Structures are given as structure tokens and as C-alpha cells.
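Handing you a structure now.
When the chains are written out, they are named A, B, C, D, E and F in that same order, and each has its own residue count from 1.
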Amino acid sequence: MKQKTVTFGEIMMRLTPERYLRFTQADRLEAVFGGGEANVAVSLAQFGMDAVFVTKLPEHELGQAAVNYLRGQGVDTRYILRGDGRLGLYYLERGAAQRPGKVIYDRKDSAFALSEWEEYDWEAILEGAGWLHVTGITPALSPQTERMTESLLKLAKEKGITVSFDPNYRQKLWSLEKAKAVTERLLPYVDVCLTGLQGNAVLGIADAAPEETAKRLVSRYGFSHVALTMRQSRSASDNGWSAMLYQDGRAYYSRQYEMHLVDRVGGGDAFAAGLIYGLQNGFDGQHAIEFAAAAGCLKHTVEGDANQITAEEAEALAAGSGDGRVQR
Amino acid sequence: MKQKTVTFGEIMMRLTPERYLRFTQADRLEAVFGGGEANVAVSLAQFGMDAVFVTKLPEHELGQAAVNYLRGQGVDTRYILRGDGRLGLYYLERGAAQRPGKVIYDRKDSAFALSEWEEYDWEAILEGAGWLHVTGITPALSPQTERMTESLLKLAKEKGITVSFDPNYRQKLWSLEKAKAVTERLLPYVDVCLTGLQGNAVLGIADAAPEETAKRLVSRYGFSHVALTMRQSRSASDNGWSAMLYQDGRAYYSRQYEMHLVDRVGGGDAFAAGLIYGLQNGFDGQHAIEFAAAAGCLKHTVEGDANQITAEEAEALAAGSGDGRVQR
Amino acid sequence: MKQKTVTFGEIMMRLTPERYLRFTQADRLEAVFGGGEANVAVSLAQFGMDAVFVTKLPEHELGQAAVNYLRGQGVDTRYILRGDGRLGLYYLERGAAQRPGKVIYDRKDSAFALSEWEEYDWEAILEGAGWLHVTGITPALSPQTERMTESLLKLAKEKGITVSFDPNYRQKLWSLEKAKAVTERLLPYVDVCLTGLQGNAVLGIADAAPEETAKRLVSRYGFSHVALTMRQSRSASDNGWSAMLYQDGRAYYSRQYEMHLVDRVGGGDAFAAGLIYGLQNGFDGQHAIEFAAAAGCLKHTVEGDANQITAEEAEALAAGSGDGRVQR
Amino acid sequence: MKQKTVTFGEIMMRLTPERYLRFTQADRLEAVFGGGEANVAVSLAQFGMDAVFVTKLPEHELGQAAVNYLRGQGVDTRYILRGDGRLGLYYLERGAAQRPGKVIYDRKDSAFALSEWEEYDWEAILEGAGWLHVTGITPALSPQTERMTESLLKLAKEKGITVSFDPNYRQKLWSLEKAKAVTERLLPYVDVCLTGLQGNAVLGIADAAPEETAKRLVSRYGFSHVALTMRQSRSASDNGWSAMLYQDGRAYYSRQYEMHLVDRVGGGDAFAAGLIYGLQNGFDGQHAIEFAAAAGCLKHTVEGDANQITAEEAEALAAGSGDGRVQR
Amino acid sequence: MKQKTVTFGEIMMRLTPERYLRFTQADRLEAVFGGGEANVAVSLAQFGMDAVFVTKLPEHELGQAAVNYLRGQGVDTRYILRGDGRLGLYYLERGAAQRPGKVIYDRKDSAFALSEWEEYDWEAILEGAGWLHVTGITPALSPQTERMTESLLKLAKEKGITVSFDPNYRQKLWSLEKAKAVTERLLPYVDVCLTGLQGNAVLGIADAAPEETAKRLVSRYGFSHVALTMRQSRSASDNGWSAMLYQDGRAYYSRQYEMHLVDRVGGGDAFAAGLIYGLQNGFDGQHAIEFAAAAGCLKHTVEGDANQITAEEAEALAAGSGDGRVQR
Amino acid sequence: MKQKTVTFGEIMMRLTPERYLRFTQADRLEAVFGGGEANVAVSLAQFGMDAVFVTKLPEHELGQAAVNYLRGQGVDTRYILRGDGRLGLYYLERGAAQRPGKVIYDRKDSAFALSEWEEYDWEAILEGAGWLHVTGITPALSPQTERMTESLLKLAKEKGITVSFDPNYRQKLWSLEKAKAVTERLLPYVDVCLTGLQGNAVLGIADAAPEETAKRLVSRYGFSHVALTMRQSRSASDNGWSAMLYQDGRAYYSRQYEMHLVDRVGGGDAFAAGLIYGLQNGFDGQHAIEFAAAAGCLKHTVEGDANQITAEEAEALAAGSGDGRVQR
């Protein structure tokens, strides 16, 4: 029987000036909802998986809007807490060509960041769960979320739930030292480690080739799988993209994509969802990494934080040419 | 020589769903800047006055956008501090007919709320100032702003600067008891008291007629002027509106307006700016209250928090019929 | 234990030119989803009820968008069929003042209209259901839906489920004679009859006063409840609105609302949902009709086909003044 | 056989800030085309008449856009000249409630204003024409257009073409004295005089009642018909509206409309088109004025300068209640 | 004397989510009109040709909007029938990078598809015509249109009118077998065959080089001209593009364009119009194919189904560098 | 002490169809303000410089909007005249791929073009100025501006103010001969000459390599600095870009950028501002040209005529990789 996947983290409202306007030029902001773990849940639900997103949101209407969004995507929202506190926000300015995108976080003291372990009904949440996914953003938000992340990973481990983790270091949230220390405590509970090749400083490995990086991580932390994305940031408008999965002592490489970007955010989350889907559905190594890389690639062509693609679409790209011909 | 008017408070970004969409329906938010004291400064600058707005804003680009907005309106922004902290926000859902508008505040711990008296160069700020305007929102924001408001009113009084104050009670910011206690400490420094007739519970007077209300306030606090707005909220789409000025023992009533609303917010601030303009320019009582009421009325036809009208436009309405004929 | 409410009908995409543009002026169309029974389900879900909407939608992405919309609103969509066929559409041109709104239907041969009784799992759908709501639009769509409506009402009756029905005659869908004949066959299964006072020609009663109308309907068809809405269409921009509930031989009248309209469509559905909510929650007659009338009134201030209000908001209007003051 | 109607004048691009934004708040302008005589031609074409609009437009793409617009509306554009010069513009700021709309003209030295009589092929233009319509704006634009208007009216008279004229005085274009002097020269060629009751100072009659005004005009200038619109400008949002036709010594009054305005501009032109249509189609006096008044009323509910209604729609309002019920 | 060109087919409303939004993300749809033969007529009219588009459209306002659009573009619409039936639609989701564009057709049972040969006044339509253009979409729509296409080609042939045909196979409309069988019946009447090199399976030739393809077609069907477009679909955002004309036993190749796409749809129609223009105006082979290829290339930079360029613009690109410098 | 920079010229409203719509497709125009010298002032103000823009604008609200824009950007607007006359306009159609952008000027007889030397208070304007920047557009506008430009350059020279000049030839404004003759009279007063390598025909040098061009200019006119931009216009969507500074007999080349364009206009002005900033702040030759080239490059990623970047952003690009990674 298919088991549910649980993700735990913060969902924010993202506010983006229209088109390529700069923050100082904007008088209208596009509002979408996103956050690493929420994005993964949304992707999985669209692949037809049973995906549960756990968080705490303010009681007010914008908190409700976040619930409605998730619910509309097919995510199981029944364990989302509602209560006092604010909605985490982030402002995103799209980059273009040589001008990088910019993020202004305004997520401090959100309802989620201030929530406590005891508020959640963990037994119910994890009942029937086969997989748990968390990113390194969750423990970075507050002492509370740091403690909860560790407790949750531990509890999942005890229950035999597979744990995937994406360190996802954000320098605007915490220092590298702090991030390293906390991550170090979490990794022993992790089965599947996903990370961008360039962003794994928090794992203490830098500048190594993909396979070498994976080997070192496996030997150090005993991961069953390491999945790496390799992004070539040619400009804010064009990126190269590929990925590697390391399992059972062997590395599987996806093909390489050259992407003209629609929305850069959430590529890693879409990749993670693709990989979780592949591993849960028993794809072999090559199939799994091609599927995950294709899912991640397609995210870059979709507006918003979360992917909006079906499993069929990811398969079609993984199997096809990516020539983008109109389907009619 | 014309003297400058100083206002002190918070300017927020206001985020409003398009048209009459509810918060749960919005995927685009209109972004404008506003706040009681900032709105007054903007109005005065458009009337051709020398208006200084004092606040603290975050260092980031959205803080800059607020400065650019004020600067563009002709407000003197040279004393605005920049630094750490967040930008105060509020979300506004437009009301329509029987459905009331809704405000969600997200302004806690803003850069301004956490700023301290010593950060501002008060001597420079008040040099050449003839008038100071503050509302009851400023002391409501934090212990720091509560202390600063009292210090500032005291200092202004010492320097012989005319002080106008609008209690502007907001139940989502503080309790009525707390508001009353703080306001009580501030009122001795106030010369000109402006308030909505229905909103003056914080002044300890309720349900009295306008003239009687003014008399009691004058006898209790020694104000030189009391200006009251009388709003008849027929629905979220249509309001009645008039005002009264009490000075030298005499009450002056403006005419009555029936308004089809474009934007309800900031009517009181526009009125305050009109009155300050009239009093500074030596208008007689009747002229002053007609000008202020017309300025306030016109605000209800202008989108955003702050008025966008010239003194000529307010005069034209005060003197004319309000028949709204196209000018061509 | 609270029982679920089932509604059965078509959900269409509604395409509306922006603002007050005429069809011949439009180059952008606002797209929302709506349909009588879907609107009722959405309203009930927002009131916190367990609401199931049953229909058939095309397999393609726009069919999915309709499901996502309903799911996001909290409606139980698990019994919605997907398959071949087209998505029903209607084009709406907003009216203004003396210019009436216009509807162009393009819903012929939709996936729902062509669906068959055997495709649906009626036993599962009705299990745990305490209430069924259908409008006269469903049987008007095709011979299939005509047959299914009758079968469904009959089945509900057999299972002791309360049945509410709104004849909702649409001359662009079928002739009055045909409508009358079909409605006549359905009414014996109906417990609660809802209709606009002016639109009940299909019930064979015209030009009678509300109470008289209700009495005749009760005596003719044995309804337990008759609920009538009384709309005074002063113009496309302004309507009067009130309602009457007739139960146990007594008429309860709501207060009268004068509404400046944001969106005219779906007022009757919002009223129906309000009444169903009130009756299911044991409101007394006066409370039920005030709640339902307030819910219907608020719909006219909300864009789209379906209401977007909570039970608290309807209660607040039912109990309050409707003065539309900003809540801050 | 139905004869064509010729109108001669300037068509401008009208640039309007979105919603109710003031000029100083706008960063997007809605662009439509309009001008008194063009509006009349567009209305007539929609009524199914053969309508010719004559003007000169710049060679560039925006001149082409104006042609495309007219052509799309069914207006005969074959006599429109193209050449050097600029496109006339006007900026319109929508009024709301007590705030009047504002027009900024930027039409000086347009291609049309600088065009000369000899450039047009008048014989071809007037061949088969039964009616000529011009407003007082055309002669106000330049010495060239002043001369051409007189020549054209004279030529039409010689050819036995019915001439209608709307003085349409605009103080931003010329002085009252100049307007009076020129109008005085034109009126002898006019058969049908249309004007707003309040705007006929240019005709030397002020403050007279409608019938009296018409009588004086007829006796002074020998018009066969005088048609007056009576607007009560209650505010920029709400107007009263009715009209009177005086012919054969008798006055026919339309019913009175209370209009909530969508777009105030072009009401007089829509009325003129309605009247021309009625008179050309042999409507009796009462029918003609009701049709024209209804057409004018409906224009106030339509965005843009020109009406967008069919003859059936005007008839329906003239005959109906104006209750604005949705047609479905 | 220049003779008119007649095209016969369906014009649909195309509904496209804004920007790169997916169908499931859209709440606003951009509405334009398009269809193969209509696009060709629009292009020709903009080149200054006399172009007639023949179809049947619904009586309602959206049918009128389609007529207005065509008329505005300068197309002769006098032979367009109006009557019962629906407006054909298609939904287009823009592709981006590796994500292909998607089309959902909703054109079944349109007024055109259900129209009959006898409804059209073919003698009047073809009087003065020198060229007829049809695509393979027209016969694919219904048995009626299949029959009419054959009749029309036959009639044109009899009248000595040059016939151009673009097979334009759409798998969502009919099967390849059916398409082949019908096309086979039509080709004997065709003089000029236009097709995409990759899309000519319906002609029974696949995987041959351009010149070889053309030769085979000529030898098999006796075409006077074969024109092929060669598209390299590198992604949904970037395409290569060139074309070849085969006439009098000789092949003429255009230069190669690398295009960053604005709107992929209608490139073939724009090319067809370019070729028809060139051949009608006696361009030599090289000139004709360069002009047509340039026209087709420019279409990819223009939003909507139909090209919006003048003959001068196509000539400028055919003759120039395509360096896209601003013209100022 | 830092000295102010003065620029003198026209600021226009620029009206641009949305997205890539052609002029004939637009019904909404984006409105921004721009003009060569104004753009330079805006850039400098954002770099933290004291920048004064001198012009004359109409008294009306759109003139005020231009002032507000400049003021908001931090430009010193106190010397801007207001008075009769029109606002200069230009219409911009964005190019895409092989389709070039198009400009329609409508700036004749603007308030600025008709203004006279005596209206400006030159002594006050130039007091404290260390730098003056003008482009060749200013003298091209009218005989008045031609005379004023010469007078101003002469006066600046007398006062020892550094003069920078960008010939910026526009064929739609004047003939090459006229431009050459006037420019020849102005160059003796110029210290720093900035120009596009391809656009310097007006300087009488064509087709020379950058360094050779600079040498000839220096030897002919005695410039202290020559700065050249080298643009490779690959298409309207993609350009190459680099620059060279020649000073003290030595050429400094920036690195080469490949840019995917957001907004092509104003690249030269942004470069000029970058160079003026670098030279005023004592950057060495290589630093100055890298900074200026980076500033110019970034402009191509920013919507509107003027750059919206800080000095830090230009430095970051000049020093970094331009890989456009999101900053979070």
C-alpha cells in the first residue's frame, strides 16, 4: 500500500514585482505561496502521491489563503495548526541577464517559527507515513524549530520512516557555523541527502567533483542515497542544469539541460520531489535521476515557488528531446 | 517666513487585493505607502507647505521605495533614519456595500517601532519648525515610540511649536485603557486636537454632540482648537461627511457631503492636513473648516492612503457645488 | 454527528470581460468557476460544513483547474468524475446602471451533460449524507441530466435525506413548458423549496405576495419549508434585497438591504447555502432567514459566482447595521 | 434607398489612468480613440447605418491604429487622409464623487488641424450622402478647420444634404467670443441643432427652459429640429439625464434617467447618433427622443468615448424599465 | 488589375493564460482571434492586398467581435455568415524552454463546422478572385466542411483561380489515415502546396530533404509551386527557421533565422501569406522565398495568431541584417 | 567637498505597449519618464551624487508627475521651470528577436523646446557645480535649445566646470549635416566625449577601431577623455556590449557582456552616468571603464529609460562574474 509522505516547514507568502521591475519600481506585487517543504508536498501531490504538509499558520484570512492554496493542489492540510502570529513573507525581485535576483526575507517571528512541539499531534501526523522530508531552512528559523526538527527526525527514525534532507543553506537566515553545527546533529537521522553541488559548504565539503562529494558524504554519514544538482549559472536568464544520484556505490548522471528561465526559485524542491517520487516508486537509479532532473528542469519554466507538472510531463521530458514543440 | 511642519510616525507598505477581491481571492496586491503622520506630511507638501516626515526605515530596497515615494511627493525626508529591522505592513481588503473593509496589521517590531530617541537629531529636526503633528498610533506601537512621543511633544512645547494631535484609537494595536492612560499624559502638550466624533472614546467623551464635545475637551485640556469630523457610515460604499471647528468659544460647521467612496482610508489625515494648512495660513474659522472638510472629502475619491490634491482643488470644492462636472 | 451535504450539477468556467467592458471590447477575460450547485457547496464548506460536489469534468487541465478550485475551497471532490467531453462555459458581461448584464451560454454537450447515471457511485456519494441540494439547471442540461436528477431525488427521498431544490428557470436553456413539466415531476421529492419571488413562474405561481406564494406551494407540494428571495432590481448597479422563510405555517421576514452591486451572479445560491446552514444547525425561523438573507446580501459584494464569506461574517451582518465600517 | 451619413472632425487617442487614479499616480494609461464626430459615426455604424468618417491622420502606426479601430466598428474609412503631422491626444482623469474629471488636451497642430480643404475629395465624400454631422469642436481646432467647416456646411446645403450640428463649446479650445462669432456664421446652414441645455451659451441663450430655448433657436436660425439634453450633474459618479426634441412647433420629452456613471465622456455624441438614427428612420417625435435619450443614457455605462450598443439595445431601454436584470 | 484573394475556414477565439502561467494557474485569459485561413487573410490585408475571409460565425456578440477584429485588420468580411451555433475556441498554454506549449481544442460543432455549402453565395464570393487559400484544418472539422472544401477547390479550379493549400495536419482533429485520404482527394485541385518539412506525413513523404520532397510532390501532384518551411525546434523558447521554394524545377532557399520566440502560433500562416503576396506580385523565386521566410520569422515576434507586419517590414528584414536595432 | 553635476535637456513621457505588443495591438500603454540628460541625473542621484536636472515642463499635472518622478529618484528639481506648452512624448514599441524596436517621437514644440535662455537662473544653477552633462538631443530640438546649449557650454567652460557631451545623433530629429554643423560648434567646450562607436558619424569618424577613433577625436578637439561603447546588436533580444575609455594617451577596455535585453533604451545614458561617477570619484582608467560598462550593462536589465541601480550593484558586476545567482 502506498504510504504518505510528510513534510514539515514554513510556507510563506512571496511577493514579487511584476515582470522585471525592481523593488523600487513596483506598485503591484504578485502573491504566491511557497517554502521548501511545502513545495515538495505540492509537487508530490501533483504526481498523485499522498502528501501531508505540516506547519502553523495565522488564524487570519491570509493564513486561510495559504491553506486554500495547498488544499487546491491536493496536499493534505488537516494537520496544519492555526493560531496567533504573523505570516512569514519574502519579497523576490526577479533577476535578468547580468542582474541577479534578490530576496528580502521578512519571516522572523512567524506563527510557525514560534510554534512548539507540543502543539502538533505527531502520532497522528506520522501514522501511515513512509517518508519524511525536511530542509535546512526549518531548523534555521528559531530555537523552537531547531529543536522540533531534531525531535521530528529522531521520531521518524524510530518509526522506521525514510528521512530525506536538503541542507539548503541560506546566509540571510543564519551563520555558516551555526548551520554546520545544527546540520551535524541532524544528519545521523537522514537516509537520503539532497543538495546542490555548489551549496554543500554546510556539509563540510567544497570543490569536490560530484561523485567524490557523494562518496565522502556516504562514508561520513551513512546515507543510503545522495542526490546532487549541478547548476551552471550562466546569467540570471540562462542556466545549465543536471543531476547525479549516488546509491549502492554507484553514480547515475542525468542528461544536461540548457534552460531559459521563467522562475528560478524552487528548482531544488522540484528535484527533491522528483527523486522522492522515483525512489518511492522503485525507479532504478538512472530512471530516478532522469525523472528528478527533468522535474527540476521543468520547474524553471513554471511561475511560482512550486512545480506545476504531472508525472507524465516529467517522464515525457526525461524520455524526450525537450524540443518544446506545441502539442496540438 | 513660512515655517516647516514636522510629523513623526510610521510609514507602512499597504497591500491591497485588486478591485473588491477578498484576501482569499487575491493573487496580486497593490502596494502603496501610508501611515497617519506620513499622509499628513504628503498632503501638506502638495498644498505647497514645507513638510518634514521623521521615521526610521529599513536599509533595504523597500525602505528606499518608501523614501522615494515621500520624496516624490515633495516631503522633506532628510531626517529619516535607515537601519536594521523590518518594514511595517498592513493588508487592506476593500469593503463594498454591506461588507466592511478589513485591515490585517503586520507592523510589529518594525524598524521604527524599535528605534530610540537618541538616534534622531531632534535639534536639527525641530529647527525652524512652527508646527508638530502626531497621531495616537505612534505611541501605540512600542514602549520606545510611547516614550519618544511624550518626549517630542514636551520638547516641541518648550520650543513654542504648535502641537496638533489626533488620538486615532486602533483597537488592534492596544487596549482602550492603555490608550487612555497614555493619551492623558500627552494631551497637556497639545494645542490643536483633531478627532472623529465617533472615535473619541479614548478622550473619555462619548455620545455628546459636536459642540458639547469640543467644549468639554477645551475645558478639560485647554486646547486652543478642537476639530471634529462627523462620518455617517451608510455602507462601505457610501458615507456622509462633515466637520466642525471649535475655536475661541465658537463652533464653525462645514457643509455636509454625501460621498461615493473610492478609498476610505486616510480621510482623517487629509482633514488634519487641511486644517493645519488653514490655521497656518490664517484662514478664519469658517474658511478653515470648509477647506479641511473639502480636503477630507476629496481624499475619499483618491486611491491610496494619502491625499493627492492641491490646495486649489480643495478650495474649489469648498467654494463650489461638488457637481463633479468634467473640466474641459 | 454532523452529516454531509451533497450537491449535484455542472460547474462551468465563467469568462468575464474586465471592468465594465462589453464583449466587443474585451481582450482579456477573467476566468472563475461557478454553477448553482457548486456555489452552494463552496459556501457551505466555508461555513465549516462537510460539502460534497458531484459532477463530471473533462480530463484536461482546465477540468483539473475546476477540481483544484473546489478542493481549495474545502469542498469534497472525491466523487467528481473525469473523462472525455468539453468543459461547460458561460460568458458574462457585467451590467451597469441601465445596461443589463448579459450571459452567453456555451455549455452544450459538456462532459457533465453527457454523463450517465451508471458512471457515478451513488451509494458511496450518499453514504452519510443528510442533505441533498439541486437546482433546476441540472435537469435542463440534457436528457441524461434530466433523468439523473429525477433518479437522484428519488433515491435521496428513499434514504431519508432532506432535499432542497431551487427551480432557477433559465430561458436560454429550455422552454417554460418543458421546465414546468420536468419540475412538476421533481417537486414531490422536495422538502425545502427555494426560489426568487419573481422567478417562480416555473412553479405555476406568479404575481402573488410572498406569504401567499409560499402557502400555495406548501399546499400543492407539501414542502416543509419555502424560502423566497425578493429582489428589487433598481438598476444593474443597485438592487434591493430581502427574503422570507415559511415553515410550520408561519412566515419569517428578513430585514431589507439596499445593495450597491459588485457581482450580481450567485446571490440565490449564497442565500440557499445560508438557509441550508441555518436549518441544519437548528436556527429558529427568524434567525435562519436573517442569516440566509445576510449571506445572500454579502455575495453581491464578492466577485465571482460563489460566496466568499464565513458564517461569522454572515452572522455579523445579520446582527449588525451593515454600515460597512473598516475593521481595524 | 438608405443614404450614407458623413461626419467630419478629429479623432484623438485618449489616454486615461487606470481606475480612479490621478494623473500623478498613473504608470499605465488606457488608450482608446475618440472625438465627437468619430463617436457619432461609430454609433451609427453599430445601428447598422452607412457611416463615413472623414479626417486626416498621421502616416505612422498610431494613425493606422485609429483607422483600424474605426474600420473594426464598421465605419467607412476610405476617405481618411494619411500624411505628416501628429496624432491629436487628450488625457482624461476620471472623476469620482465630488472630485471632477479632468481633461488635458494635447491636440494642437495635429495632422487634421493642419489639413487643407483641397486635400479632401469632397465630391466623392458627399456622393450619396443624405446627412452631414459636425460639432463645434472641428472649427475650433485651427484656422484651416474653421474655414473647412464653413465650406463643408455650405456645400452640403447646396447639395440638399441634411446638416446636424452640435455647438459643443470647449473653453480649453477657444474663447466664448470667438466661438460665438464662428458658430453664428455656421448656423444658417444647419437643419438639426443638438446641444446640452446648460452648454448653449455659445448660442446666446442661457437659463431658459428647454422648450423656450428651442423656440428661440428655431425662430432665430430656422432649424427644423432642436434637440436638447438635460443633465443634472449630481456628482462625478451620479448624473440625472433626459432630453427634449422640438419639431414642428411641438416639444417631445424623454423620460428621466438616474445614472451611476461608468464613463461620462461621449454621452452627447451617443445622443446625437440616436437622434440622427431616429430621424433618418422616420421615428415620430416621441419615439425619436426616447431612442436618442436611451442611447445617450447607455453610453454612460460603456467605457470609452464612443457608444457600444445596438439599436435593439437602445430600443429595449427606451421601451423597458431600465432595471438592469441579467439576461440569461 | 489586382485581384482579390479568398480564404475559407474557421476563426476561433484563442484563450491564453497570461505570461507563462499554466492552465491550472490562470485566472485571466488573453483573448485573440485566429485560425489558419483567417490569419492568411489578415496578413494579406496588411500587405495591402484585397483579402476576403469566408466563414460562419454565431449571431451573438462574440461572433461580432470576431467580425470587428477582421474588419479592423482590413479584411473583407461581407461574405461572413452569421447564425446559430457556437464560437470555436482553443486554449493555448505558452511553452517555455523545455516545457512545450499546449493546445486544448474546443471547436466541435461550431457555427462554421455545421454550416452548409448552400448557405454561402459562392458566385459572389469568387467573383473577381484570383487566388484561393485553404488549409487542411478546414476539411478536418466536420463532414460538412470536408464536402465544402472539395467543392470549393473544384469550383475555383473551374474558374481558373490559383489554389494554394497547406495540409497543416492536426492529430487532435482527425486521424492520419483520414487526413491522408481526404487530402489525396483535394490535391489535384491545388497549384501551390505549402507545408512544413516535418509535417508532411499527410502527403506521404517523410524524412526526405527539402528539394527531394518538393520534387516528389511536384511529380506526384503536378503542383506549380511547392514551398517548405524548415523549423528547428531547439526549445519552446528558441527555434531555427528557414524556407525553400521549388518552382520551374529549381529550388530557392531563404537564409536561416535563429528566433527567440514571442508567439509560436501562426508562423506557417504568415509564411503562406508572404509567399502568396510574393507570387501575386511577380517576385522572382529568391525574392519570393526570402520575403515569405522573413514574414514568417517576424510572426514569431508578434503576439497573437496573425501576423502584424507591413510588406515594408518583411522586405526590410529580407534585405537586412535582422540586428533588431531600435529605429529612432 | 563633493560638487554637484548639472544636466540640461528634455524629459518626456514615454508610452510603451505592454509586453511585445505592436502599436496597432495596444490598448494600454506603460508610462514612464525619460530623456538622455534626465536619465544621467537619475543614475547619478542613485549613486549618491548631487545631481541637478534643468528643464521646463508644462504647468499641468503630467508636468508635475515628471517632477515627482525626478524628485522621488533624488534628483534636485528646484531649477525646473513650469509654464505653458506641451509635454514632450515618445512612443516606444519594444522589439523582439528579428523585429526591431520602434520609436515615434511626438516632442515638437514642447514647453522645453520653446523655452528661452533668459527664463533660467543660470547663475544659481551653476553655483557649486563641478560637472555639466548634455547630449546632442538638446540642441536638436529647436532653435532655442540649439542657442541655449551653446551658451550653456560656453558659460560652463568659463566657470571651469567639466563638460561631458554625448552627440547621440537621432535622424528623426534633424539631418546629419545640420547635426554635424551644430556639434562642431559645441565640441570646443567639451572635456569628456562619450559616444557609441557605431553612432559617431556626426563626429565625422566612421568605421575606425575604438582606439583609433578616440585618438582622432582627441587630436581634433582636445578632449581630456573619450569614452566609447561598443554594441553588437545580434537581435532586438540579445546584444553584446563593452566599452573603452581613452585618457592620457591610453586606452582602457572593459570586459565584454552578452546581454539578454529587458529594456534597450538608456544604455548609453547609464554608461555616461557610470563614467561621470567614476571620473568624479577618482577611479583609475580601468576601474572607471569597468564601472561604467557594468552600469550600462545593468541598465539593459531594468525597465524604463533610466537606470535603477546603486553604485554597489555596478561595482559588484564590475568585480564579479555576472552569473546572476539569486541573492538570498
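Heads up, the rule we're going with is that contacts are C-beta pairs under 8 Å (C-beta built on N, C-alpha and C of every residue); 3 or more make two chains touch, one makes a residue touch a chain.
Quantities reported herein were computed from a predicted structural model and do not represent experimental measurements.
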| item | value |
| --- | --- |
| Where subunit B and subunit F overlap in contact partners, by chain label | A, D |
| Subunit D and subunit A - chains in contact with each | B, C, E, F |
| Repeat of the B-F interface, chosen from D-E, A-E or A-B (over half of contact pairs identical by residue number) | D-E |
| Fraction-based call for subunit D against subunit C, same above half, different below | different |
| E-F or D-E - the one linked by more C-beta pairs in contact | E-F |
| Geometric centre distance via CA averages, subunit D-subunit B, whole Å | 44 |
| Centroid spacing, where centroids are CA-atom means, of subunit C and subunit F in whole angstrom | 61 |
| Residues within subunit C bordering two or more other chains | 22, 24, 27, 68, 102 |
| Touch-based graph of the chains, sorted into line, ring, star, complete or other | other |
| Listing of all chain pairs that touch each other, if any do | A-B, A-C, A-E, A-F, B-C, B-D, B-F, C-D, C-E, D-E, D-F, E-F |
| Residue numbers on subunit D that touch subunit B, as the complex places them | 19-22, 24-25, 95-103, 105, 170-172, 233-238, 264-265 |
| Subunit E residues within the subunit C interface of the complex | 15, 22-24, 26-32, 60-62, 64-65, 68, 86-87, 89, 91, 93, 102, 104, 106, 108-109 |
| Complex contact set, residues of subunit D against subunit C | 257-262, 294, 297-298, 300-304, 308-309, 313, 317, 322-328 |
| Sites on subunit C touched by subunit A in the complex | 68-69, 71-74 |
